[in-house]
Every structure is written in structure tokens, then in C-alpha cells.
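Each chain gets a letter, A, B, C, D and E, in the order it is written, and its residues are counted from 1.
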Amino acid sequence: MTNGRRQNIVWFTLSIVLFLVVWEAVCRLLQMPAFILPPPSSVLAALWQQRELLFGLHLWVTLREVLLGLAVSILVALVLTFLMNFSRTVERLVYPYLVISQTIPIIALSPVFILWFGYDLSGKIAVTILFTFFPIVVSAFDGIRSADRQMVQLLKTMGANRWQVFVKLQVPSSLPQFFSGLKVAATYSVSGATIGEWLGASAGLGYFGRRASGNFQAPALFASVLLLSFLGIMLFWLAGLLEKRMTGRRRKRKINKGERFL
Amino acid sequence: MTNGRRQNIVWFTLSIVLFLVVWEAVCRLLQMPAFILPPPSSVLAALWQQRELLFGLHLWVTLREVLLGLAVSILVALVLTFLMNFSRTVERLVYPYLVISQTIPIIALSPVFILWFGYDLSGKIAVTILFTFFPIVVSAFDGIRSADRQMVQLLKTMGANRWQVFVKLQVPSSLPQFFSGLKVAATYSVSGATIGEWLGASAGLGYFGRRASGNFQAPALFASVLLLSFLGIMLFWLAGLLEKRMTGRRRKRKINKGERFL
Amino acid sequence: MKLQFSQVSFSYGTQPVLQKLQLQVNSGEFVSLVGPSGIGKSTIFQLANGLLQPDEGTIELDGKPEQNRLGKLAYMPQKDLLLNWRTVVENAALPLEIQGLSRREAHKRVIEQLDRFGLADWADAYPEELSGGMRQRVSFLRAAITGCRVLLLDEPFSALDGITRVDMQEWLLSMWQTLGITIILITHDIDEAILLADRVLVLSEQPIRQVHEFNVALPRPRTVGNRHLPQFQQTSEQIWRVLREARQPATVRLQRGDNR
Amino acid sequence: MKLQFSQVSFSYGTQPVLQKLQLQVNSGEFVSLVGPSGIGKSTIFQLANGLLQPDEGTIELDGKPEQNRLGKLAYMPQKDLLLNWRTVVENAALPLEIQGLSRREAHKRVIEQLDRFGLADWADAYPEELSGGMRQRVSFLRAAITGCRVLLLDEPFSALDGITRVDMQEWLLSMWQTLGITIILITHDIDEAILLADRVLVLSEQPIRQVHEFNVALPRPRTVGNRHLPQFQQTSEQIWRVLREARQPATVRLQRGDNR
Amino acid sequence: GSNASPQNGRSAPNAGPAPDQSASDITELTIGLDWYPNAVHSFLLAAEQQGYFREEHLNVHLQMPSDANDPLKLAAANQLDLAISYQPQIIQARSEGLPVVSIAALVQHPLNAVMVRSESGIESPKDLAGKSIGFPSMPLDESIVRNMVKTDGGDDSGLTFTDVGFDLIPALTGKQVDAIVGGYINHEQLLLEKNGVSLKVFKPTDFGIPDYYELVLATSDETLNKKQPALAAFLRAARKGQAYVNAHPEEALNLLLSKQAQEFPLDEQVEKQSLHILLPLMQSADASFGSQTEANWQTLSDWMYAEKLIGQPVQADAVMKQID
């Protein structure tokens, strides 16, 4: 297990290093203008130069937005999934709006957002929620509906009500699909917070990046993008870890002789 | 079946009408400034006024981008899923990039995009792919890995090679999860094309909307948003229809007496 | 609890399974259900426990027509249907949890029984780690522990070796006698059917219009040795005769309502 | 094809199942495997077919140690394991498709056999529409049709009624005789084990260190009537004795390597 | 046509060495606009329609931007021949090492202004002390407001700035900020007033900010080297275009409106007012259309350096070239 994790980290590092090498190579071989795509070396230099601002302020601002937004989003998604599962009417009335909410370009609604949420944290959280709840709802809902029919019936013969079928069977068996959605959402949460900051902010990595872009400081812009990516990867990884934790009990046992050939 | 579909349409219409009513009420009761959130009546008026431009030009441009983008995206996603399934090395090397690609704010890369893709269709398709392949890959890949272990083993005892296990078992059993992802992707494809148009375009609903927004013609902006939403809902619906088609054979039979109590 | 089918008809789509069937199992009775594969035994169970509803006729519990029979009868399905994320104890405790018992209490009750079922060392094992027979025993335990007054057992011992089977049969009989519950058992083993039951119901035609009843007049307690009693042999032969006569529709070509 | 286990040890984690087991099944032989639930019968099959590899010792096919045994032996697992999105025909045709036959050809071969299995009217039905016994027959057909020289059958008839079972047994025997294949059958029915096999192997201790062998010296063709022959009775009693002696570890408390 | 063929957008500008300018050869030029076509671009449309470009053997393609800064970056990367950009932007870019130079000033004075709602009680910049200001991602705008407040005798220490991106108007009308900077007197102001929001507008030049060129025409050092004759020709045609707009504002406006009607219908009234405001700012008695002075550039550059908006001082002759 620890061995596997160590190996994972090695692979991850390898893939990041490869990425940086390819990036540097692209910059040099294709002679990309540095003000459009700066080489990673200069980006890392900028990261170091701006470390106080980035790590002292902006990273934390964005991190808070992301985490709060994602947490509320999961809550919202679960409540929606729950309601849609228990009432066909709610499902039919609500589902179209969920889809609609994802097709509206945020720019169209940004004035409304500003009017309603202003420039404080709530606005960024709202955008993050808008960006992330959808994949969770769709996968959780699909997961819940795909619970084994025969098991549902067996539970009914035990006198289980809908709530018990939900808790004892549908929820556990939808976990794999729920986590697929959560991983996607975790990744998107970073973009959500960034866009949230673009609607109006005075701190955060998105704000920083935009300013850097306005000042033609491509390395600084990419330094913030690098941090954003890093944040996204961490969140994805955390979601994966959570998945292992929550569904691991049954997996752990599976990993025995029987799996040698898989 | 036809009855059920008719009922669906009734519900959908109901929910849309309700939406418009609530929207109109919000505008009037909260006295929203019309240039921020125009009432649906004026949006519909704008839609009618601009019908020639919208339906004659922009809708088709965007539709083409969306459909092409989504099609290529599905292809890309399937190829990636396939490669990651067959090679652990590919998975480990590629997966981090997939995540990275989703955390980078696209606007930060807009000059790079323009540099590489220019202003023609390919750029919009590229953005649409970037927006849509991820949910498909994550769900398809997770779906494939969650194929029943005992069935995998049984196939192996029949002498099946990995390809056969993939085709005969993993692919069919991952369909529900794949379609969860596809539905999410179909919804996002519209946003993808819209953002693609923002990077540089001279036609399309996103382009139209942005210009309307720049000129504070809120009704025109929301008219384009309305069409975009409609496009998104249609695509979502199509993905759902496809799901029913592809997994329907087994569902159709299931719907018999045994389902009465579900 | 008394269970009664009055003029019950049922069909899957266009394929009739039951036609105006009369069936009665008295309170405290032990009845075996025997018949060829695919005739409709499991279907009868699903009608009884409320998973299916008859197209015509009524199903009565204790003399009263009862629409909502779910949760009133304990049911052991033919497939073991264990939840693969629950351990042996957690799986068997499921119906108790659903009845509202605390986790602790439910687990306690299950653990008390594990030894009897040869599962004492496997309390925390997951279904994947169990052999076929062990899974069947967990499923059996799960049904037996519910405390319902009627127990529907769909081939509960089919995956057990002879000795374990006798063990389980004995346990079942002792439970039946102490608790005074009603048991209906589906089995393909005619000897088992006779040995355990007060009455053997034989299904032989498709769709099922009537059942052939055989009262088992052997005194209790019975042992495996009873097999050699002439009475036993006679009942057994009668049942075989009924089944053999009806052979054609059962195994060679099943009659179906539609003709695909 | 000859199958041989040489000094094979195997354990799940810390729980030993086989210890230096010697086992040999000759080409063209029909062998039954009998033993208490949970002793390791299915595990032996999984070792034979290559799903598991021994911790020690070798498994030989036709005298040669063979690491890659997957696909060389036909295997009918204890659970029916049908794909719920494939019809009866499509499920049974799966191994043929995997062997590279065209869909058409594979389906044709399956359809030829359906009648024999009492599934003729169910060709296009999905597994959910089948009764337990019908599912088992599909699974049996799927294994029997592969054309492999060795057939491993894990309780193939447990969900079948007596008549259907005899039918299937007869078909199996006739296939065995015409094709000259090797068959190993796990069953809990001692009579069935004796009636069908050349040799009955009894597993009784856990972990399995050795097998008790019983040669069945009855002439073929055999019928159900053979049961009453003294030779038959004698073998049956011997087997029961072995099993009864070993009763304790099997049902009361199974020995495990770790002590949770 | 206002639309570049996609091919050109990507590869035409650096497709091999610039061809020799033999009289019959047509030179392709791609120009990136600062924003979607509006009144300020009338001279380009006029030059095209009146055939001035053709006379100069030019084939000009217009390109819409994705972001206000993108055209300059793309010009610096030689992906565009010309970019309409902002004077402070050019200085900023040059100080960051982008090889860009201005070859003409299109709007001679700032359009940018500080705007507040009339009922806000803010009468002059000094009243902004302690207020919140919305700005569109440009640090320059921050300095402008601070200096205006100081020049007007106010205290700039309590000012709070929020980067509101592209949502200046909602920020102001939604009362999320007290003032906005970065809005143009020929666009945001007109639109707000048209929607019934009455404003007070403070012009930077009235409060100690150096006068600067709002819009300039930029190219890269390399393009300037390779295509100087074509660029000069372009300027000649552009001047003729502007002269035409001056002489026939009605026709120029209609040309703009009808061209845009195929893509997005512009508001006639707004564009008309906008053109009316723009024309006197694009040229005057002492500054012909397109003209720029080193002094002006140097003043702004020095001011920006003093304001720490740029890290390196930038010399006027590095960022501007008069090529005719």
C-alpha cells in the first residue's frame, strides 16, 4: 500500500517533469514569443519572485473560495439528488433548470450575480457552485437509479421504506458514480473560483493572473496559472483519496490472490 | 411509451412556462434594472426582432461548432479512455494532464489558442473539446474499471484477451456511467462553443451575445442566451435519448410486472 | 399466520403463469413446494410476499385480503443477493436494521446465530471471500432472523453438502417447532420435501391451474432413516409419478402465451 | 487431456486451502469432487483453469507444467454469471465468439442445442426473465459448448428439479462418451457423484492435504436403478463415513490461519 | 469585407519574406481591432469602401479581439501586422520587453474618465476619498484615480479598488461601487445616460493626469522593418478615410451600421453621438489625424515610471516611430 503510494508519487513527479520539459522544448523549438507562452524556467522564476504575494495572500484567498464553494456545492448537489430521487415531480420540474443553468454563459448573468452577491466571498462561492454542482448531481442521480433492481426488491420484502432503500442500498451502490462526478467537480472548482474573481475581486489567483495579463507580465500570469493547476490537481487527488477511503473497505479485501490476473 | 413521452413533453413545457413566469415576476417585483436582467417579454421581443440574424446565421454557426466539437470530443475521450485502459503507463502519464487541462483558465491561454488555431472553426472546436472531453473520460474510465470482477474472470477462463474483455464486457457495462458523462459533456459543449467564439469570431450566438453585452442591449443578449440554453437542453435530451437507445434493450424488457413496485 | 391464494391469476406480459389458482397454507404449517424448473414456484413466492400483485384474485393473510404484503413475510430468494460492501454480520443484520433495531443490537443477535450456521469465523468477511455454500447460509440466516411469522424459503439448501444440509434442516425444524411459525419451502429434493413438511404441494402444469397435494402422515420428530418407511416411499413415488406425467411441458418445450 | 496437481499449496492471505496436494485426472476420465461447503472445491477449479496460481507446486496439462491455463479448460462457475444485456443465445454464444467464431455461426451452434436444454422458446429472453434453473442451464450450455477437452462443472445441476436433472445428466454422459472429453464435476449429491463418475474424490480436511479416492466399478451405461446395487450402496456409505468423520472442521468451526 | 479569411489570420503575416513592392503586387495587411467595430473604426470602413486601400495596393483584413490586450500581443508576435491599442498599454508592453511601436495616434486625447452616479453626492474627485472604485483590470486606472483625488486636494489613502473586469456598468448601477474608472465618454457614458442613469464625469486631464492618446496604431519592430512601405501606405489610406468620415459623417455612419447589421445591429443613436464626440478628438488644428509627438510619449512614460506602473523607464523613440 505504502509502496503503491510511493510509486504513484514517483509517477506523478515524472509526469510533471516531463510536462515541464516538453513545455520548455515547445517554447524553444517553436520559438514561441515569451510574452505569449513563457518557458517554465521564467515562470518558476516569477513564482519565486512573487512568492510573498502569491503564497502570502492570493493562494489562500482562492483556496478559501474553492473549498467553501466545493463544500456548499456538494451539499446542494446532494440535497437536489435526494429531492429528485424522492419525488418524480421535483425531478421533472428541477432537472431542466439544472441543465439550463449549465448552458448559460456566465458573462450573461454576471451583472445579475454582481447585483445579488456583490463583490464579497458569496459571489465567488456562487460561481463555484454553478460550475461544480452539475456533474455531481448527474452522476449521483444516475448512480442512485442504477442500484441493483433485485436488491431493491429484496429490501422491500424486508419491509424497507423508500428512505431505507435509499440509505442502505442506493447510496452505497451509487458511490462509484458519485465519486466520478466529484472528481470532475473538484477539478472544475478551481475554474469556478477564477471566473468568480474575474467578476470582481481585489485578491486571489484569478485576480492576480488577470492583472499580470493586463500588464503583459506573462511569466507572472503563468505562475498564477501554475498554482491554480496545482490546486486543481490536489483537489482531484483528494477526491480520489476520499473515494478510496469510502469504497476502499470492499476494495482492500478484493486485492488478494484473486486479483493477480486482472 | 408514446404516452410517457407525451407526458414528458407536457412536464417540460410546464416547467419552462413556470420558469418564464418566475423570471418575469422577479423582474417586476424586485424591480431589476431592465438592462441587467430584462423581463422575458422583452427578451422574446428581441428574439423576434433579431430573428433573421439569429436564426439565419448565428444559430447555425454555433450549432455547427457544438456538434463538431462534441463529436470530436467523444472520439478523443474514447481514444484516451481506451489507451488508459490498456496501458497503466499511459494512464499514469496522461491522467495528470487531463486534470491540468481542466484547471487552466482558458482566457489566460487565449493568445496561445489564437496563435495555434487562428480564428477559424478549429479554434472553437478545440475549446469545445477542452470543455467536454473531461467528464466523458472520467466517467467512461471509471465505468470500465467497475466492470464486475467475477465476469472478467469468467471471460478470462474462456480465453478472452484484454481486447475481448474490453469489448464484450467492460464497454457494455460502462455504458451507464459513460452516458452520465456524456450528458454532462453535451450540456457543456454549448458553453465551450460560446467561449470559443469569445476568443475571436465574427459569427455565432456567443459572438452575438458578447456584442450585445458590450452594447448593453440586455434583451438581445438574453435572446442569444435563450437560444444557447435551448441548444444545450436539446443536446442533453439527445444524449439521454441515445442512452435509452443503447441501454434500452435490457431496460425495455425489465419494464414488466416486476417493476410495478419500484 | 395463514396465507391464502384465492382464484389468483398472474402472467408475465402475455405469458400466463398462474390461472385461477387456489392455495392455502395454514398457520403453523410446514409446506413444501415442488415442481419442474421454470414452472412458477419463485413467482408464487413473489406474489405471496408482495413483490408482485395478482392480475386477478386476491391473496389473503390471516383470512383478510391484503394488498400490502411487503415486510410481513420473511423471504429467502433463490439467488443469494448479498451486498458486497457489507460483511457477513452486516448482511445478515440488514432486515433487523430495517425493522428499526440499533446496529449494535442487530449485530448482537446475528452473532449469536453465526456458530450454528458455521460462519462464526467469518463474521467480518465480505461476500467475495465466501464459498457458494457459505453465501447461501448467510442468505438463509438473513431470512430466518427477521422474526416474521411466515418464512418463504426458495431452495435454501441447494448449495450445501449433505451433512451441512442435514444440520441446517434440523435447525430449521427446531426453530419451526419452538416458534410455531409458518414455513413454505421450495426444493428440488423430493426426499427433503417429504421429510420436512406436513404437506407437499406439487406443481406440474403450465400455466398452473391447480396443485397436487400430498399429506405427509409421518410422525415427528423425523430422521433421515424415515426415508425407508413404506409410507415415505409411497408418497415419494406418487410425487414422482405426477411430475413424470407432466414432464413434457416442463423440460422439452415450455408453453408460452406468445410465439416468438 | 490429462490434468495433474503436483504438490500444490495455495492459501488466501494467511488462510491455507491446499497443502502439497497431489491430484490427477486422466484424459477421458469422469471424476466427481465431493466435500463439505467451504472446504476448497471451487478453489481447486480456479487453480485448474488458471484464474489462480499455486503458491507452491505445479499444475500440469497433459504431463507438461503449464502456467497459462486460461482458455484451455471449459469452466462452469458456481454462480450463473450471465450478462444481463445479452439474451440467452447471446450469453451461451459468448465463448464461441471469443474463440473467434462469427456471431452468426456461434448463434447457430447455440440454437441447435437449445431444445435439449429446454430453452428453445427462450432464445431471445434476457436473464432477468428466466427462472433460477433456466439460468443455470444457460450457464451449463455456455460451458459445454466451448469444445474444450476438459470440462469443469461446479454444481451444475443444483437448481434443477429431479427430472430435468436426469435429462441433463444423460445428455452430459452421452456427450462425454461421444467426444471422449475429460469431465470434473463438483456436486453435493453423493448419489449423483457416484452414478456419473469413474472415480469420486472426497475432500474432507481443511486445509486439504490429500483426497480420498473411490473408484466406481459399475458398468456403463448406468441408470438411476443402479442406486440399489450393493456396490453402489457400499461406495455411498464409505463416502458418507469419510465426510461424517471430518464433520467437525467443516460445519462447526472452520480453521483459519488468522484468528480474528 | 470586414472579415479576414481565417487563413490570413494565422499565417499570412509571416508567410515567407515580405514580397517586393512591385506596383502590381498587393500587400496583405491584417489589423487587430481594440474592440468590436464601432464608430471609432469608421475611417477603416470608409477607406475600404472608397477604395483608398486598393489604390495603395493593400488588402486589409480586420480581426476582432478576444481580450483588449490580445491584439497587441499578437502584433508583437507578428501574427498581426497592426493592432489598435492604447498608449499606456504600449508603454507598459515595451517596458515588459514586447517589441511594439506605435506608428500613429488615432484618438488624440483620453476617452477614459471617472464616472459617478449624480445622486451619489460626489461633486469632484476629492469627494472620492474613502470610496470604492471599480476598474477593469488595468493598474493604470488605479493611479489615475489616486492622482486625480490628490490633485483635487483629497486623501487617496482610503480608496478601495475592485477589479470588476468587463462589468463596469453593472458595478455602478448595481451600487456595488461608488465610482468607476475605465469607462469611455463615447461608450459607457452614452449607454448609461441612454438608460436613464445620470452621471457626473471627471476627466483625467482636468485633474493633473498627463494628456495622452487613447487609441494608437501599433506594430512590431520586425513588421515595421519588413513592411514599412506598406504601413506608410496604410496610413495614407487611413488618413483619406478619416477625411472622408469628417466630410461625410452621415454616410460613414450608415456604412458602419449597414456593415454591422449583417452580424450585430448597432444602436444608431449611440454610434452617432459617439462619432460626434470622437471626431474632434481624433484630429484638431494642431494635430492632424494620426500624428503623435515624442514629447507626449515621453511625458506619459515618465509619469508612468514615476507612478511605478512600469519597472523600466521607456524612451519615447523606442515606442513610437513616425513613418511618413
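Note that in this section a residue touches a chain if its C-beta (ideal position, glycine included) is under 8 Å from a C-beta of that chain, and two chains touch if they have at least 3 such contacts.
Small disclaimer: the values here were computed from a predicted structure and weren't measured.
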Partner chains that chain B and chain E have in common: A
Starting at chain D, find the fewest moves between touching chains needed to arrive at chain E. 2
Among the chains in this structure, which pair is joined by the largest number of C-beta pairs in contact? A-B
For the pair chain A and chain E, the C-alpha centroid-to-centroid distance in angstrom is 39
In whole angstrom, how far does the Cα centroid of chain A sit from the Cα centroid of chain C? 50
Could you state the distance in Å from the CA-based centre of chain A to that of chain B? 17
Counting in whole Å, what is the centre-to-centre distance of chain C and chain E, each centre being its mean C-alpha position? 85
Tell me, which residues of chain E touch at least two other chains? 67, 73, 77, 166, 169-170, 174
Interface hub residues of chain B, defined as touching at least two other chains: 36, 107, 111, 115, 149, 153, 156, 198, 210, 213, 254, 258, 261
Which chain D residues reach two or more other chains? 12, 50-51, 70, 79, 128-129
Chain B touches which residues of chain D in the complex? 49-51, 70-73, 75, 77, 79, 81, 83-85, 94-95, 97-99, 125-126, 128-129, 146
Within the complex, chain B is touched by chain A residues 8, 11-12, 14-16, 18-19, 32, 36-37, 92-93, 96-97, 99-100, 102-105, 107-108, 111-112, 115, 134-135, 138-139, 142-143, 146, 149, 152-153, 156, 176-177, 179-181, 183-184, 187-188, 190-191, 194-195, 198, 206, 209, 213, 221-222, 225, 228-229, 231-233, 236, 254, 258-259, 261-262
Under the touch definition given earlier, write down the residues of chain E that touch chain A in their complex. 67, 69, 72-73, 76-77, 89, 92-93, 96-98, 134, 137-139, 160-167, 169-171, 174, 176-177
Provide the residue numbers of chain C that touch chain D in the complex, in ascending order. 12, 34-39, 41-42, 78-79, 115, 118, 120-124, 129-134, 137, 154-155, 158-165, 167, 188-190, 240, 243-244, 247, 250-254, 256, 260
In the complex, go through chain B and note every residue touching chain E. 33, 35-36, 50, 53, 57, 107, 110-111, 114-115, 117-121, 198-203, 207-208, 210-217
